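Below are structures written as structure tokens.
Shared between the two complexes below is chain A, which has chain B as its partner in the first and chain C in the second.
The block that comes next holds the complex of A and B.
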């Protein structure tokens, strides 16, 4: 296997073509799209009931059940739009398929990320429209200040990129662990808790909120969901910076892990 | 009946030996699932730390509910782990291997697999029931009843959903997704659901029999509650056998050559 094949020159057009193909393939898998939409609806339905009961008790303070439901619609939109790229990488490693894919004139990792981005784009659009309609239906209205939702869109795109590179890094652990699902489960639960997937960080005890702020998860989930509470461009800018910063750091980590993994693969005779 | 019970026990022991053969993988999967469940449950700790109660439901009630559902799900995938692949067995003609043997094919197919991660579910479930504070020494045996009936309804709904493959073709991923909806609906307080949704949760989506009723049995024991839990579980199990039996008449054998040792 030549070095050129392992580190092919970067040509964006190739990766765009891969992303487009993945998007078309995902479009054909209608049952999966419907399944995701149904799951999204179920979660929104359950939490709409929960927040209305808590709201009736007058325990939500200034914010109402409507804002909390829109918060969840945004955080779940990000979480459910993420393509499980770690499973694809794990499957390639376990089946040996990676040996064939490495010989293609396109970076393996770049190709897998482009595929995931194409699939993720379709998920984000379909779930975005569906989530907006269902949140409106279940909440009965838009949030008090709906202009914040506009800020959530670009932040959501940045969060999705952070999510994809994080999941790709989890997938690369399969080079050493074979089964990366335990690492994913821990990452996912950390995102649920420290990101505030279901409960906004305002509800958390102060110490836990401070811990969450030191991790990428608070910008990843709460940063996007928080936009349902009102239009705050300064906060949105801060969240965007944090998302870009964490994405860069995670991408560096991913590239470092991938290079080490490939070195191991060559040593083992792959 | 005795022969069937012996067969079920032999299947379980064989599967347990197989999962324990990879000891490291077994402990890793079980411990990770235990951590996963406890981390997930910590969301409710945060919630009740802030709101104290939801219509009379407190942290302990939630721990008991979550514990019953987790342990019930764990038992379902440990003792009847084949349920998750039943749709695939049907559509790929893999039921042939079970039909050619002189044992009940559904029982055999369900018991053909056991998932190590299920032990983590069971351990986390029992831990949460333990810390819930709703179980007293005199009512401790009810934990077994609650968890067993929850597992039975989980397995029965899995069989019903996957049996749709007999009529509709490849539905395994959709069936698996709807099966997981049971977990989503079962692990939230009953008091937040009302109207039509409440009726659905005791019929089409049997979350009531998977989590709410068994957990309430631990909280406030009544003979009527016990009858409802056992009656509901028996009804779903009978329905599962009936649907699978009906579907089996439509089953078309596969042409795959294989051997079940």
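The block that comes next holds the complex of A and C.
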């Protein structure tokens, strides 16, 4: 991220302090943590049953139901760990709270992203440990080549950053639309389908896979989930590059949108 | 720098969409909704000296909050000029941010699930307060605002009055030279309001802080401020010392009586019955003719009372009276201080 775009006189310590405070606030919301863990477990339980039935029919090709379940555990880990920062931005715009936040000596956007990152860090750690344990429990074993899971961790962190800046950009549309949920729904469904949330892209028809590869979504979820199929540092490097590239592009888009939004800002709420 | 705040010919307009009536209108609006220009602030000019406590009052939609948002660097004006501590708010927003504080009664800068102490620590980082100064100021405020027992409680468990005390401390930690207060007593009960007003006034006096205070409550204005600027439809209607406004326009009280007798027939000079319901009478009292004490004595002579509320006249009524005066006064400058 171009630090100058966040705020002139950018001081990382401020943003780290915001992220730490957000992490503490997230730790205080125990019910939300438990709710996310329960949802994650239900998804894994349902799909583990489905993959084993489909696997017995021989429909999963060379890959087994175990790898499919670990794949799903990784893609869901990315998706569920994302903090819905777009909703926070939308709420600030709609309620007029943004007026309060803009009058402080910290970038509004940088502060919101730091908060989301702090919250997301807690989600990623709790859901990571929980997802690993549940996937192991439901699959009965690790994937055939479990060393790939180690590569999934750094890729997951890059994917989460891409997810957060994408969602922040969606949130900024609230400056014009007031309600950013239609934009989010399109993004989310595109991420589910083109990112291969439930199924790896190997199963997709060629044309659809090619379309997916031109979008950030294939690296965002499939790129991380694919590591459950084995240790492939070349592929992991390629996914990492694509994640960094898409993150930079999305961040530039976000900063451009935010500057335009500020220029036409009309604060709600008197 | 002779003024803490100086505003010259400030104007802010918004373009708002107008919705047409009916289903057909809603469908047509999907493609092209007519827009209208709304004037929120219109040719506003005033100056505030350092350390002055100014009430900025007016009915809803008068342009108070828009002005504060322009002065705190959040909004750009459509025309005109302003200087806050010698700086242009919308061009030097970052420098100004360190030197001003804001308290918005309907918003919060505290983290709801964490103790207020955590929010104070974070704000110290954000405002780049050196640790020793922060600890000293925090200690002083905790004592002055009586926050000791509240400091470790999650903010969501605090009452509105307790939370507002914490909000004030959060806004004062970095020793702002100007404090913008936007309805800080809204929703508070009488006791909490009095506490908040005392704290704001005392802190301002002690540190020589300039206040620009918006409120619908005339009590806020009387208790805290020296001067009042009344705006209506984005324009200044009156700019005078509070004492003078009190003499001219706040010389009335509204008393609501819940009596044991079904009705109370008050026959006192300057007392006018506004509403009468069984066991409840609402009267307007002209204090020049009858004091509150005199009215209460007369009521107690006539009947026993279950409850009694004494209120200032609503701000809308005061503005109406000022507006009526302004309409009948040929030269607008007659209302200037």
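In this text, the second predicted complex is superposed on the first by the 257 of 270 C-alpha atoms of A that agree within 3 Å, B and C clash if a C-alpha of one lies under 4 Å from a C-alpha of the other, contacts with A are read in each partner's own complex, and residues count from 1 in each chain.
One rule holds in what follows: a contact is a pair of C-beta atoms (placed from the backbone, for glycine too) under 8 Å apart; a residue touches a chain by one contact, two chains touch by 3 or more.
Everything numeric here is computed off the predicted structure, so don't read it as measured data.
S.K.: Quick one: classify A:35 as touching chain B (first), chain C (second), both or neither.
M.R.: first
S.K.: After the superposition on A, what does A:43 contact: first (chain B), second (chain C), both or neither?
M.R.: first
S.K.: Tell me which partner A:80 touches in the superposition: chain B (first), chain C (second), both or neither.
M.R.: In the superposition, A:80 touches no partner, neither chain B nor chain C.
S.K.: Name the contact category of A:53: first (chain B only), second (chain C only), both, or neither.
M.R.: Once the two structures are laid over each other on A, A:53 reaches chain B alone.
S.K.: Name the contact category of A:235: first (chain B only), second (chain C only), both, or neither.
M.R.: Neither: A:235 stays clear of chain B and chain C.
S.K.: Touching A:153 in the superposition: chain B (first), chain C (second), both, neither?
M.R.: Touch partners of A:153: none, neither chain B nor chain C.
S.K.: Let me test your reading of the model: by the given contact rule, A:211 touches which partner, first (chain B), second (chain C), both or neither?
M.R.: Neither chain B nor chain C is touched by A:211.
S.K.: Is there a shared patch on chain A that both chain B and chain C touch, and which residues make it up?
M.R.: Of chain A, no residue contacts chain B in one complex and chain C in the other.
S.K.: For a test of understanding, state which residues of chain B touch chain A in their complex under the given definition.
M.R.: Interface residues on the chain B side: 25, 28-29, 32-33, 35-36, 39-40, 42-43, 46-47, 49-51, 54-55, 173-174, 177, 180-181, 184-185, 188-189, 191-194, 197.
S.K.: Flag every residue of chain A that touches chain B in the complex, lowest number first.
M.R.: Touching chain B: residues 31-32, 35, 38-39, 42-43, 45-46, 49-50, 53-54, 57, 59, 179, 182, 185-186, 189-190, 192-193, 198-199, 203-205, 208 of chain A.
S.K.: Flag every residue of chain A that touches chain C in the complex, lowest number first.
M.R.: Touching chain C from chain A are residues 7-9, 11, 13-14, 17-18, 21, 24-25, 28-29, 95-97, 99-100, 102-106, 265-267, 269-270.
S.K.: Tell me, which parts of chain C touch chain A in their complex?
M.R.: Listed in rising order, the residues are 14, 60-61, 64-65, 69, 72-75, 93-94, 97-98, 100, 102, 104, 106-107, 109, 111-114, 118-119, 121-122, 125-128, 154.
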